[in-house]
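Lettered A, B and C in written order, each chain numbered from 1.
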Amino acid sequence: MAIRLAELAVRYGCELRGDPDLEVSSVASLADAGSGSITFLTDSGYKKYLADTAATAVILDAAAADDCKAACLVTDNPYAVYASIAAELYPLPEPRPGIHPRALIGDGARVPESCEIAAGVVIGRKVQLGERVIIGPNCVVGDETTVGAETRLMANVSIYHGVHIGERCIVHSGTVIGADGFGIARSSQGWLKVPQVGGVRIGDDVELGATTTIDRGAIGDTIIGNGVKLDNRVHIGHNVVIGEHTVMAAQCGISGSTRIGARCVFAGQTGLAGHLHIADDVILLGRSSVTKSISKAGTYSSILPVEEVSHWRKLAARFKRLESMAAKIKLLEQRLNSSKDRKS
Amino acid sequence: MAIRLAELAVRYGCELRGDPDLEVSSVASLADAGSGSITFLTDSGYKKYLADTAATAVILDAAAADDCKAACLVTDNPYAVYASIAAELYPLPEPRPGIHPRALIGDGARVPESCEIAAGVVIGRKVQLGERVIIGPNCVVGDETTVGAETRLMANVSIYHGVHIGERCIVHSGTVIGADGFGIARSSQGWLKVPQVGGVRIGDDVELGATTTIDRGAIGDTIIGNGVKLDNRVHIGHNVVIGEHTVMAAQCGISGSTRIGARCVFAGQTGLAGHLHIADDVILLGRSSVTKSISKAGTYSSILPVEEVSHWRKLAARFKRLESMAAKIKLLEQRLNSSKDRKS
Amino acid sequence: MAIRLAELAVRYGCELRGDPDLEVSSVASLADAGSGSITFLTDSGYKKYLADTAATAVILDAAAADDCKAACLVTDNPYAVYASIAAELYPLPEPRPGIHPRALIGDGARVPESCEIAAGVVIGRKVQLGERVIIGPNCVVGDETTVGAETRLMANVSIYHGVHIGERCIVHSGTVIGADGFGIARSSQGWLKVPQVGGVRIGDDVELGATTTIDRGAIGDTIIGNGVKLDNRVHIGHNVVIGEHTVMAAQCGISGSTRIGARCVFAGQTGLAGHLHIADDVILLGRSSVTKSISKAGTYSSILPVEEVSHWRKLAARFKRLESMAAKIKLLEQRLNSSKDRKS
């Protein structure tokens, strides 16, 4: 597919600098772009490629446009316009309607004719699929689960019973939704399993990365709001609630019953303790450790970055002696005070 | 199913306050409970809901019982009693005996008639299953593996060859047992793979969360004791030994050959180096980093929680200058000493 | 299989001390070895077992050989020699050629007769497999992906479309290669998905542990060099480039577009921010946090290990007051200076 720049400029409200009849049919990076491709500039570190890019067009903001020899689509939000144009050029594959003969559909399940159900899929009893749902090879969908229209599960996804997934969601391979939360009770005979009788409710337009896990609620549901995006390997404990449009990068872990606001952004490997409340619009830098609720929007961090190991070891040893360092300071203060007293 | 409170009080040794003929048939949270449901109170933060709960009965301790208008089951361990009653009301599904025509059973495998083998399952040669084992859809069980009676594998579980799993275990989706440990030897031609010729032995009553991985031993077995409970995404390296009734929350990682005692509790995202010995009854708070053996029961921590980012950056910068801070203190001590000397 | 020590000594360039006609047919640990087994010593902590080992032969270095009663293979690199001998005694299983009737092969796919394709496998259109490839049960391989000769995928591996995997690779269960990278663009309507149109290129002799994830590139490919070994649960973000013979232990996470040199060694739970450059031969100790590029080979760390919790809490509180501690030191300096001034 090739699209005229004039069309793109109108559709995405960009100022067009250059020939409106030029067409683009692929995306590329600034450095590697060739004729017929469109690219974008958001990071000033890549500005050096602007003069020599062979791209047909570049999406960028007004401040950068003057340095660009190629045609420009000028906008305040180049990355979002790029995302939209790339989605036009590389649309998600359409469902190929039909149920593969090697798929199994449970009794009472509703599978519209517009759905694509791949080989090896096992769909449970009374499952309800919306229109144009795609279920990839070897996925398993538990009894009485519902999957909204146009949602797509990639290969080898496991959904337990009683899960609700909204519309236009994407679930990547290896992801598990609705496994039992980690509910155990100490007893004289060891740990007793606490039955996890809640479910999972996932909103619309949610994307879940590969091998992410979202546990079912202990009592009541685990809830993922509309527009939430979770990267790979994220762990969501039972009865967690995640507000709309919150995003988390890879390997984050959210302990049970924590409630997270809307539009939060958590960088990778962040960990939250259980039963916390996190306000809307909280940004956590990479590998943040959160042990208390956060009531105020803002950016938070707790990372100590690497040092060369011999230096680090000295710092770590000092850290372990912070108590004695504080004691020494106190003693110095006392000595100075008493020497002053003597003098006065 | 509905159960009379009188019956529950007798069975679990609780004091019953209220009408013994009341029946409960579901569980609920204190706040959301309705008639016919039973709930529990363990966390004083939820005590405020006690006065108004619509639950038919509440499981709680004597100290809290006076404030409760509903019928009470009074016990020293409300959560364990709740777990037991919930397990009665929501029993694990019984196996539906039979081998699905789309399952494959290897030569010489023993699959009792009481087992449920779902579609898409591939069971290797000489696999031995106990009575009433459930193998969920699309699971793969390697050659010569044994699975004890009443153990259940949820969908898409991968078990390698030569693994032994005990009785009444639960293994959640996406979990992998018996993959090769990370054994590599540096050589002039790059890294050589060290064959992992040991196996995995898992005791009885073990529960493994979703996408957890337990590697096979390099030489000899990786061993998981009876009653161990591992949450989602836990990594157990080769030749690790975990004592009975130890539990680990999500995303913990245990490096190879570390031996962990009985009844330990590791909170989420904890990491242990290899070749350590951890005593019985060690508690690690969330995200603990353990680089040395721990010979004494107790609670340990190493977490620095988040601060607002501008404050954190100052702290991190100070941390990096701890050496010079210590040097300044030393200098102050010297100056004070010498000024004293002069005076004396 | 039994092999004469004389043969092994010649093949691996070891000095043989003992009867050249002795044969070994299995490996064992020093402590548990029996007759007919070969073992190794690399860690001086295990030297105590040397006197009493019942092993037929021990691979060790010259310094340790004098204490050994068993036959010795003396070499500078005992672990590498052990790896090679163990690989002889325990060879990887040969492919059992054939396509299982319950596997599906897409249109235009090339599957040589020497390949083993297990039950439940779904291979996409135009997939190209090399000779003697093994695809384990219930794996899914996306359209137009290529897999080099003698590579083996264990059970339940998910490979997306457009992925290239080299020769002699091993991919463990639950691993996902080529899922979409975490590309999202903020817009007034929430987050827009940025199409991930690149692929993944994996070199030869790469091993990937269980449930590891390697995302496809946003534009251009994610690249894993020859001889790279990744343990379980590693996350590789989009457009990451990993140099040859770099290894990472379990649960490492590499954010998008970071470039890592050759022969690096990252211990477990290490995390790297995005868009960094890491030099060749960088060693990161366990759980390192890397937020800036590292331009110099060497060893780096950022871990603070656990303390008993009451001591830790004091340290953490002191840490949070480092600013005021610095201020106190400054004040002491000023006071001391001014008292000196007064005196002079």
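Assume a residue touches a chain if its C-beta (ideal position, glycine included) is under 8 Å from a C-beta of that chain, and two chains touch if they have at least 3 such contacts.
Note that the structure is a prediction, hence the values are computed from the model and not measured.
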Fitting chain A to chain C on CA atoms, where both chains share a sequence, rotation angle to nearest 5 degrees: 120
Numbering shared by both copies at the chain C-chain B contact, with half separating same from different: different
Whole-Å gap separating chain B and chain C, where each centre is the average of the chain's CA atoms: 25
In chain C, residues with contacts to at least two other chains: 102, 120, 138, 156, 174, 211, 233, 251, 303-305, 307, 319, 325, 329, 332, 336, 339
List of chain A residues in touch with chain B within their complex: 102, 104, 120, 122, 138, 140, 142, 156, 158, 160, 174-176, 179-180, 182-187, 190-195, 197, 211, 213, 215, 219-220, 233, 235, 237, 251, 253, 255, 271, 273, 284-285, 288-292, 294, 298-305, 307, 314-315, 318-319, 325, 328-329, 332, 335-336, 339
Contact footprint of chain C on chain A as seen in their complex: 27-29, 32, 39, 77, 79-80, 82-84, 86-87, 89-90, 102, 118-120, 136-138, 154-156, 170, 172-174, 205, 207, 209-211, 226-227, 229, 231-233, 244-245, 247, 249-251, 267-269, 286-287, 303-309, 312-313, 316, 319-320, 322-323, 325-326, 329, 332-333, 336, 339-340
